[in-house]
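Just below sit the structures, each encoded as C-alpha cells.
Across the two complexes that follow, chain A remains constant while its partner is chain B and subsequently chain C.
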Partner chain A sequence: MPSHVPHSSGLQRLIAQLAPLLIVCAVVFALPVLLNNDFLLNKVARYLVLGILTISLGLSWGFGGILNLGQAMSFGLGSYAMAMTLKLKTVPVHTGASGLPDFMVWNNVAHLPWFWEPFRSLSFAIAAGLIGPALVAAALGWFMFRGRVTGVYVSIITLATMVVINLVIIDQQSYTGGFNGITDLAQLELFGVAFDAYGRATYYLVASCVLLSLLVAFAFTKSKAGLIVQAIRDHESRVRYFGYDVALYQIFVFALSAAIAGLAGMLYTVVMEFASPTFLGVQLSLSVVVWCAVGGRQSLVGAFLGAVLVAGMQGALSESAAFLETWTLVMGALFVLVVLFLPKGLAGLAQAALRWTVQRRQAAGRDVAQGVGQTEGST
Partner chain B sequence: MDQFIEQIVTGLSIGSILLLVALGLSIIYGSMGIINLAHGEFVMLGAYAAWVFHTYLGLGLLASLVPIFLVVAAFGWVIERFVLSLLNNRPLDTILATWGVGIMLQQAVRLMVGSELRYVQLPPALSDSMDVFGIPVSSYRVFLFVVSIALFGATWLLMNRTTVGMKLRAIIQDRSVAASFGINAKRVYALTFAYGAGLAGLAGALVSPLKSVSPDMGTGYVVDAFMVVVLGGVQSLAGTVASAFILGELSGGIAFLQNDTVAKAIVLLAIVVLIRFRPEGLFTARVRA
Partner chain C sequence: MSSHLDLRGVSVSFNGFKALNALNMSVRKGELRCLIGPNGAGKTTALDIICGKVKPSAGTVSFDGTALQDLEEYEIARAGVGRKFQVPSVFRELSVSENLHVARARRTSVLGNLRWNIGNSGREDVERLAELVGLTEQLDRPAAYLSHGQTQWLEIGMLVAQDAELILMDEPTAGMTAQETRKTAELFARLKGRHTLIVVEHDMGFVKAIGDIISVMHMGQMLAEGTAAEVEAHPEVRRAYLGSGGISHA
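Then we have the complex of A and B:
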C-alpha cells in the first residue's frame, strides 16, 4: 500500500519523526518537578546516562550494522578521563604529597606520571573524554574495516580489545588505581556551577546531554553519510560497487558512537562519584546490547528508553536480592524472546501498533466515505 | 633444563583443558556457524552435574561421566530445537540468543543451588602423582591429557567415519542439495548441537576437581574456547588441537616470564591481530546454510 498520509511534506515528516524524541526529552526535563527526592533523582540520572550509552550503541549497531561488544570501552575511557581530572582537583589532605593522588602515594609513586599531567586542566580532560575514545575507535575501526573484517569478527575483536584495556588498567595499579578504580573525587565545576552528584544541576546537565546526544544521533541518521552507513548495513558490497569508500563511513560511525559513549562515561563519573574498571567490563558491555535490543536497535529513542526502563527496573528490584535474581532470569527470557520474535525491539512493536491504528482509522474513514457515496448513488 | 620441561608440561596441562572446552565449541561453530555464548554455561552445567551426582547419588566422577554427557546434551538439544533453529540466516542474532540462554541457565542454577562455591572430589585412583620426564605431575592432569586426546579422536571418527558425520558434512557443503537427497538437516543440526553441548558438559565435569564450581564459572571458559577456535581456524578439528596446545604453552610461558594478566592480554592481542591478517576462512562470516 502506498503512503497512507497522502499530502505529507518533508517538513511534516521530519516533525513526525522528531516528535517521540522531543516528547521523551520533555518528560526527562519535567521529571524533577514531580520527583522531589534528591536520592531518587541521582538514580534516575544514572539510568539516563546509561541511556546515552545505549544510544551510542544503537548508532553503530542498529544503523551501522556494527555489533560492538566492547562499547563499554569508550564509556570507561570517558569515565577515567573525568575521574583523573577531578582527582587532581581534590585537596591533598590525606596524602601530604603535593597534588599526588592518594593511591599513587600508597603505591610509592614519587612523581605524577606524564600522562596525568595534562589532566590538571578540566577543558583538556573534557576534550580527552570525547576525542580520546573517538580516536581509539577510529584507530581500531581503521584496523578492522580496512581489512574488511565483518560480522562476528568485529564483535570478537571489539570485545577482546576492551578486555585487554580492562586488564591493563587493573594491572597498572600504581597509575590507574587498579581494581579499586579512582575514588574520592572533587566536584565538577563548570562555568561557576558546582555539580553535586545529588543536586538538580547535575540532573539537568545529564538531561541536556540526553537531548544533545539524541539530536546529534538523529541528525546523523538523516544526513547523507548516515544514509550511506545504513545502506552499507543492508548491502555492503553493493555500496562498494557504487564507488563509496565503505571503510571510511564505517570508521566514522564507529568513532561518532565512541565519542557519545565517552560523553556518557564522563557523566557517569560525575553522577557516581568514582571510576572503576567495571565501567569497561564485559558485564556492562553486554548489558548495553540487551538494553539496545529490547528497546529497539533501529530506533534511537527506543534504545534510550530500553536502557532507562530495563536498568531502572533492575535498580528498583535490587533492594531485595531474591527479586533481583528472579528478575535476571526473567530478563534473560525476555531478551531471548525479543531476539527471536521482535528483531526491532519494543520500538518496532510500538511502530507496528501505531501503523495498525492509523490504517484502521483510514479504512474506517474509507468505509464511511463509500457508504456516503452509495447512499448518494441510490437516491 | 628441569624448569624448561616443567614449563612444557604445565603448558600441555593448560592446553588439554583448553582442548576439552573448545572441542564442543569448534564442532558447533565450525559446522553450524553459531557463535554459542552459552557454551560456558554448558561447561558449568557439567560441573554442577558432577557435583549433584557425587553429593546426592554418591557416584564417583568417572562413573558419572556418561550420564553427565547425556544430561547436558539433552539441554543442548532442547535449546537448538526451540531457540536456535528459529534463527536461520541470522548469525549475529545467535550470539544474542545464546547469550540470553546463558544468563537464564546461570541464573536458574544460582536460584536452585545457590551461588556458594562447590567442590568436587578427585577420583581416589587418580589423586597421586606420577613421573613424566623426571618431573612429578599429578596423575589427574595426565588423565585429562589422555582424555582430551581420546575425545578429539572420537569426534574425528564421528565426523569422518560415520553416517551422521557424513550427513553433517554434506549439509555444511550445501544444505539444499543435501536436503534434496533426503537428509533431515534440522535433525542433524539438533544432534550436532547436542553433541557439542555434551562435550562441554564433559569438560566441565572433568575440570571440576581442579577448580571450584560456581554459577558464573563458564564466562572465563567461553572466551578462552573462542580464542582456541578462532586461532585454529573454523571447521578444522586438527587446527583446534594444535591451537589449544599452542595457546596453552604460550600462556604458560608468558605467565612464567611475566604474570597471568600480561599473559592474558598478550594472547588476546595476538588473536586480534591474527583475526585481522589471516585471510579467508577466518574472515568470511559464515551464514547457516
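Then we have the complex of A and C:
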C-alpha cells in the first residue's frame, strides 16, 4: 500500500539511528562476561556513571545549545541524596539518639535535622535525587531564560551557582559532613537485591541506567519538542516568532538534563560508597565538558563513549608515575586539539568515515556496472 | 470596511532618533499591502512593532481587536502574526523538512510536543510545502547548504507552514534572480485573500506586480497611500525620493 511507504522508511531510519546506541549497550552488558575481575568491573562501572553524566550535558549543550559548566551540581545533589538515605540505614557504630549519623555526633548535633528526616525512606531519596536537581535547574533556568540570558553568561551563572552550593556543603559540616563528605554507608537494597559496589548486581544496575538514560534522551531528541530545542540552539528568535515560548523549552531541556545528571550522581554514590563535595567540584564539572566535546556533543552515544574512553584514560594516566603530575596537561591538549580539528568529536569522525565507506562502495559498484556495459558494447 | 490591522500614533525612538513618528496605518483582511520608502524611512521598524520585536514608546497596535503592543513576541505569533526577516533566518543545522516541521506550530506547549512525529499527517504537509517552494530535492539536506535564494524560499515556505493570518515580509526577493522573483510574485498572489500580507520591498517591478495598495513611508511617517500610479504621481513622494533617481530606483 503506497500510503505505508513513508511510514516504513521512517521506521527504518529510526532503527538505523538506534543501532549505534543498542550496539554500545550490548557491549556494556556483555562486559562482565569478559572481565572476571571485580575490582576492574567496579572501575568500569564508575566510568559508565560518568558516561551518563556526560549524556546529560550532551542533551543540554549539544542539542539545547546551553553550555552548563555547573553540570556536576545536579550530579552532586543526586549523590548526596543517595548518601543521606544510605547513611541513615547503617548499623550505628558511634551513634547518638535515634541513630544519628556519626559525623553529627562528633559535631555535637543532638537531633536529626528536619531535612534529614524524610531520607529515612529510600523511595523519597530516589525521588529527591531525580526531582531535586530538576527543580533547582528549573528555578535557575526560570531566572536565566525568562531574562533571556544566553551564551557565556549562562555558563558563568551555572558555574557560580555550583561553586556556591559546593561551599555551603563544605561549610555546614555538622549537617553535611563538610569537607569529608558522607562516608561509611550501608549497601543499597532495592527489591530484595543488595548492591555491593564490587558486585555484578551493581554493574548491571549501572548498565541498565546507561540504557535507560540513552533511550530517554534519544526519545526526547526525536520528539517535536526536541526538534524545537535544536531549532532554538540554531536561531532563538526565529523560534519565538512561530509562537513557541522559548524559555519554557529551554527550562524543560535544562531540567531533564539535570534529572539525568541526578540519576548518575545517585549511582556514583553506590559505586564509590561515599559522597564528597568534590562530586560537585569545578574540576569534575569541567572534565565533563572535555569528555562531551571529545566524544561529540551532538551525539548521545558519542558523548557517552567520550566520557568512558577519556575518563578511563585519565584514570590510567593519573595512576602511572610518569603522568601523575601532568595528566591534566594531556587532557587540556586533547581538548584543544578536538575543538580545533574535530568540532563534532569522535562521533563526527565516525560518521564521516561511514559516509566515505558507503560512497566508495557505491562508486566501486558504478565502476563495475560501467565495466560490464563497456565489455558488452565491445562484443 | 472594518480594518484588520490598525496602527495608531505609533512612535519609537532609538537613542533620540525617531524611527517612527506617530505612524498611522490600517490594513484590511486579505489585502496584500506593499510598504515602500527611502532608506531609513522606518519600514522595517514598522514590521518590528507589529511582531513585537520592538515595543512602541507611544501608540497602539490592534489586530482583530487584540492590543498587540503589550504582548510578548510568542503571544503575538499565537494571535496570528508571522514574520519573515530581511536576513534570511532559518535553522541552519536542521534539515529542510525539520525546518518546516518546526514552523508548523499547531501545538506550542512543551508537554504537547513530547510525542513523536513519525508517520503522522505532518509529513505529507511538509512534502506539499517543499514542492510549493521548490525544495523537494533538498528535504533531507541541512539548511546551511542551501543557496541564498533557496534559503529565502525556505523561510517563505516556513511562513506558509505556520499558516499565520497576517504575514509580514521584509524584502523577500533580496538576492533572488529575476526568475525566482517572478515565482515569488506568483506565490504571493496565491497567498493573497487567504492571508493578509504586508511586504516591504525595494524592487518596484515586484511591487507593481503584486500590490493592490502601496503605502509610502518617509521619516517615520506615512506619506501617501494608493495604487502604483497614484503614488508615483504624488508630489510629496516625488520630493521624498528626490536625488535618489526617482521611486523606481529606490
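The criterion applied here is as follows: the second predicted complex is superposed on the first by the 358 of 379 C-alpha atoms of A that agree within 3 Å, B and C clash if a C-alpha of one lies under 4 Å from a C-alpha of the other, contacts with A are read in each partner's own complex, and residues count from 1 in each chain.
Here, a residue touches a chain if its C-beta (ideal position, glycine included) is under 8 Å from a C-beta of that chain, and two chains touch if they have at least 3 such contacts.
Computed from a prediction, not measured in an experiment: that's the story for all the values here.
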item: Contacts of A:A350 with chain B and chain C, given as first, second, both or neither; value: neither
item: Partner chain in contact with A:T328 - chain B first, chain C second, else both or neither; value: first
item: Which of chain B and chain C A:L309 touches, first, second, both or neither; value: neither
item: Chain B versus chain C as contact partner of A:F242, first or second or both or neither; value: second
item: Contacts of A:L122 with chain B and chain C, given as first, second, both or neither; value: neither
item: Chain B versus chain C as contact partner of A:L18, first or second or both or neither; value: neither
item: Which superposed partner A:I157 touches (first chain B, second chain C, both, neither); value: first
item: First, second, both or neither for A:V216, with chain B first and chain C second; value: neither
item: Footprint of chain C on chain A - complex, ascending; value: 6-7, 10-11, 14, 219-220, 222-225, 227-228, 230-231, 233-235, 237-246, 248-249, 252
item: Complex contact set, residues of chain C against chain A; value: 51, 53, 72-74, 77-78, 82-83, 85, 89-94, 98-99, 101-103, 105, 107-110, 113-119, 123, 158, 162
item: Complex interface listing, chain B residues touching chain A; value: 35, 83, 86-87, 90-93, 95-97, 99-104, 107-108, 110-111, 219, 223, 226-227, 230, 259, 261-262, 264-265, 268-269, 271-272, 275-277, 282-283, 285
item: Chain A residues within the chain B interface of the complex; value: 67, 143-144, 147-153, 155-157, 160-161, 163-164, 167-168, 170-171, 282, 286, 289-290, 293, 325-326, 328-329, 331-333, 335-336, 339-340, 343
